[in-house]
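In what follows, chain A forms one complex with chain B and a second complex with chain C.
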Partner chain A sequence: MIETSYEQKYTPDELLGKVSGLLGSSITRSEIYRDDVAVEVPSDRIFSVLNSLKSDPDLDMAMLVDITSVHWPDDELEFEVVYHLRSMSGNLFMAVKTRVADGQSVASMTPLWKSADWQEREVYDMMGIPFENHPDLRRILLPEDYQWHPLRKGFPLEGPDFPIDAHQTDAHNKVEPDDFWGDAS
Partner chain B sequence: MIGNEPVAAGGEGQMAEATEREMVLNLGPQHPSTHGVLRVLTELSGETITRATPDIGYLHRGVEKLIESKLYYHGMTYTDRTDYTSAPANNVGYILAVEKLLGIEDQIPERAHYLRMIAAELGRISGHLVWIGTHGLDLGAMSMFLYAFREREKVSGLYEEITGARLTTNFFRVGGAGRHDDPPGWLDHVEEFADSFTLDDFNTILTENELWKVRTQGVAVISAEDAISYGLTGPCLRGSGVNWDLRKARPYCRYDQVDFEVPVGEDGDVYSRFIVRLNELYQSTYIIKQCVARARELQGEPANAANANVVPPEIERVSGWEPSGVTGDMEAMINHFKIWIEGYSPPEGACYMAIESPKGELAYYFVSDGTGIPYRCHIRSPSFVNLGALPYLVEGNMLADMVATIGSIDIVLGEVDR
Partner chain C sequence: MNGDYDSGSPPLVKLAAKTGALDILTTTVDKLFSWGQANALWPMTFGLACCAIEYMASAAPMYDTDRFGVILRSSPRQSDVMVVAGTVTNKMAPVVRQLYEQMPDPKWVIAMGICTIAGGPFRTYSTLQGVDRIIPVDVHVPGCPPRPEALIDAILLLQRQIKQEGVLRWQPRPLPPRPTGVGHGVEPVQ
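Coming up: the complex of A and B.
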């Protein structure tokens, strides 16, 4: 039986203080925006940071609710990976963010949480961020032979493989009915 | 492989005898019991599943990318099409997230909150009815489908009355309840439905049914620890005995003002999840009755925030309305134009807003760069994360239990694939 509580153990400020005390110098940036606590840590420490947040008895961030990513193409460390953690024993919620450059990998959280499996695959699929030590890092939503990562900012909405020629009337006119049906006629 | 040695290849012209007990079965993507376009590559030893590999993405439409290319209010139309069995619940999640990003939660009038809650709970009833109908159908309780859809038809009628649409409701707007205020008599019809809704049919046909129990009890058991590790939320988590509901934990709208219980299961099997959802149906009608009473008290009060940056002016003020003698005014027209062409621009920042949708924790993560178009919108879809536990739930079980398991996770592929 897992004990849960609907009382919020800490206010956002207290939670940030507590997290800062626990993580210390690992935190490069922290903020509270609309009551959401978020801390940013370097990508090489992300595993140990999430591990300590999970195993700390006071915080007890038992659930990795969500993993997502944001692309900032103008920055040197282009990709931001965002982990959302939830504690059910203390009704706490926070985000942990980390930044990586294009092609740089992030440690997989699959040893800590099983929910990381699919969510990391989704981030890999959509944003192209590889995860180290992931047991099965394949595309999950898009076809296996797809070459692009569509949630990157440079990706056009209609897709780069969109047959532009098909829109042009010339291209349509070139197709004779016989060519189209082949030998079947 | 039990007992039989595989036949050596090319042995005296024999055909490979049916001694191989292992096979790969491709379930879906066009199989009715997969509740949509889910494909599961199932490795079987006899009838026991040794490995299951779900293959998803057949319904991927790039909803996140689409929302990132449009104004905030445009994005809401896509949310109807994610979990299409309970569209208003998704709409409510989306507008709450945008309102949180704009920082205008405090300006939303009471009446809008109660209308949103009624809609969200109707969505929960509708979603659970689709689930119970199809779940029953999967396991051979054919009549269940008809009873469930008879009731769902009434909910669709209520949607239609207030929004004009039966499936993709696109209910409400950021800043309030939109201009489709509840029509006269709608609250009475909702109350009539909530009063007449009963679980008797479901209990008679399924809950006490010996066959149903045999098919569901002790099947696809997941412990509370594993459920949390897999990130399960909603009835799947509560079925494992974890008392966790975001409506209680992080009350949005006015869920802290209404009285309801959180049904919690014990065994973590298919039957527990079934019982949890059945009880949730009852709790939803209970919430609806309270919300209808409150909305009646608030009748006549505004349903939209008095915030001209977000809420467009009444159309009468824009173009004039001859029957009521209202003449249009220029300021209203400028306001109308600015909102519909430019939208509204939340300040720079990122926020995460989660609601308890019928399937579990549905959240929208928005990143704003200060323009009218979301820089990043991520949908944390409960169906997607819950489905991730499917391989764990079915491995070692019989193939026939897979159908029960997929039904009990209650996925909507529109939401899984987004």
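Coming up: the complex of A and C.
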């Protein structure tokens, strides 16, 4: 019979202490929100940080669950890339975040995890963050010739090329405000 | 085929009814073919979103569209009806258009659900605002999603249209411009 343990190897505080001891001065910001540990590191160190988290025998963050991105248009480094890591042996979960400016690239994680390939392609597709040393950085969800990155905050929901005859138009064929969901004001 | 024939029946039919000797039925070849075509509509098996679930439910034993001669085929080259069931994205639009072009003539299209008809709630950068923009549609079925009864109604409507139009007089519908698969394929609005 296989004994299964669902206990986590470390409490959130212990995990953050362990990660802080491992990464040291690389961490610029850290937080524990509802028992979820997250650390922020500079973008030029992200590869070595994730490599050491993966190869550390105690933490053993062997699984890259997901790569997501957030757009903070008011900040100087407006794009945030979030790596969600999982330790199957210790039943641990944590997030590593990094910030880049518009047009600045992030190191690709494909040498560490093959699964990063399509996840980074999705981040590139929707948010427009390029990844260095990526084997095949193409769009994955949108058409390959599409010109824009729709998850950026300034992007209009209907897209810049929305067909004008699908809008509500007045007699002068001028586009009227979107009244599909009613007047919210 | 004996029976009551009114005075408007053709002379040969009246003769046949009178004598009872000749079991004949006169019709035009077009009507015969249309009758056969209308009762053997073979749609292509493909679904794009949640409408496909209702579409599958219509074909399953509960609603059983087989009884109208509607038998799902797995290839566009064996089909004569395309039921576009679900949201058509701009990326999928060239594929749908190619599938339509692969179907042999004569062919008909049923647009199922409000997403297919006009984009539905998805007034977005990625959604085609109506499948009319890429292929000619014969019957629109509104609903979100339409119930199987609505789809059956559309099939009966299409049968009536085929019988009225006549399958031998079927003309290819004017085709909209081919979708590029790049956004909405129009110049950006300012």
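In this section, the second predicted complex is superposed on the first by the 159 of 185 C-alpha atoms of A that agree within 3 Å, B and C clash if a C-alpha of one lies under 4 Å from a C-alpha of the other, contacts with A are read in each partner's own complex, and residues count from 1 in each chain.
What we mean here is this: contacts are C-beta pairs under 8 Å (C-beta built on N, C-alpha and C of every residue); 3 or more make two chains touch, one makes a residue touch a chain.
Values in this document were obtained by computation on a predicted structure and should not be read as measured data.
In the superposition on chain A, A:Y6 makes contact with chain B only, while chain C stays out of contact range. In the superposed model, A:Q147 lies in contact with chain C only, and not with chain B.
In the superposition on chain A, contact of A:A62 is made with chain B only, not with chain C.
Comparing chain C and chain B on the residues of chain A they touch gives the larger count to B. In the superposition on chain A, A:P111 makes contact with neither chain B nor chain C.
With both structures placed on the common chain, the touch criterion links A:L157 to chain B and to chain C. In the superposition on chain A, the residues of chain A contacting both chain B and chain C are 141-143, 150, 155, 157.
For chain B in complex with chain A, the residues that touch the partner chain are 56-57, 60, 62, 64-66, 68-69, 100-101, 103, 224-226, 228-231, 233, 241-244, 248-250, 349-352, 354, 361, 363, 365, 367, 375-376, 378, 380, 384-385, 387-389, 392, 417-418. Taken together, the chain A residues at the contact with chain C in this complex read 141-143, 145-148, 150, 155-164, 166, 175, 178, 180.
Across the interface of their complex, chain B is touched by residues 1-2, 4, 6, 33-34, 36, 38, 62-66, 68, 70-71, 82, 84, 88, 91, 93, 95, 113-115, 117-119, 122, 126, 139-143, 150-151, 155, 157 of chain A. Those residues of chain C whose C-beta lies close enough to touch chain A in the complex are 90-91, 118-119, 121, 123-126, 129-130, 133, 180-189.
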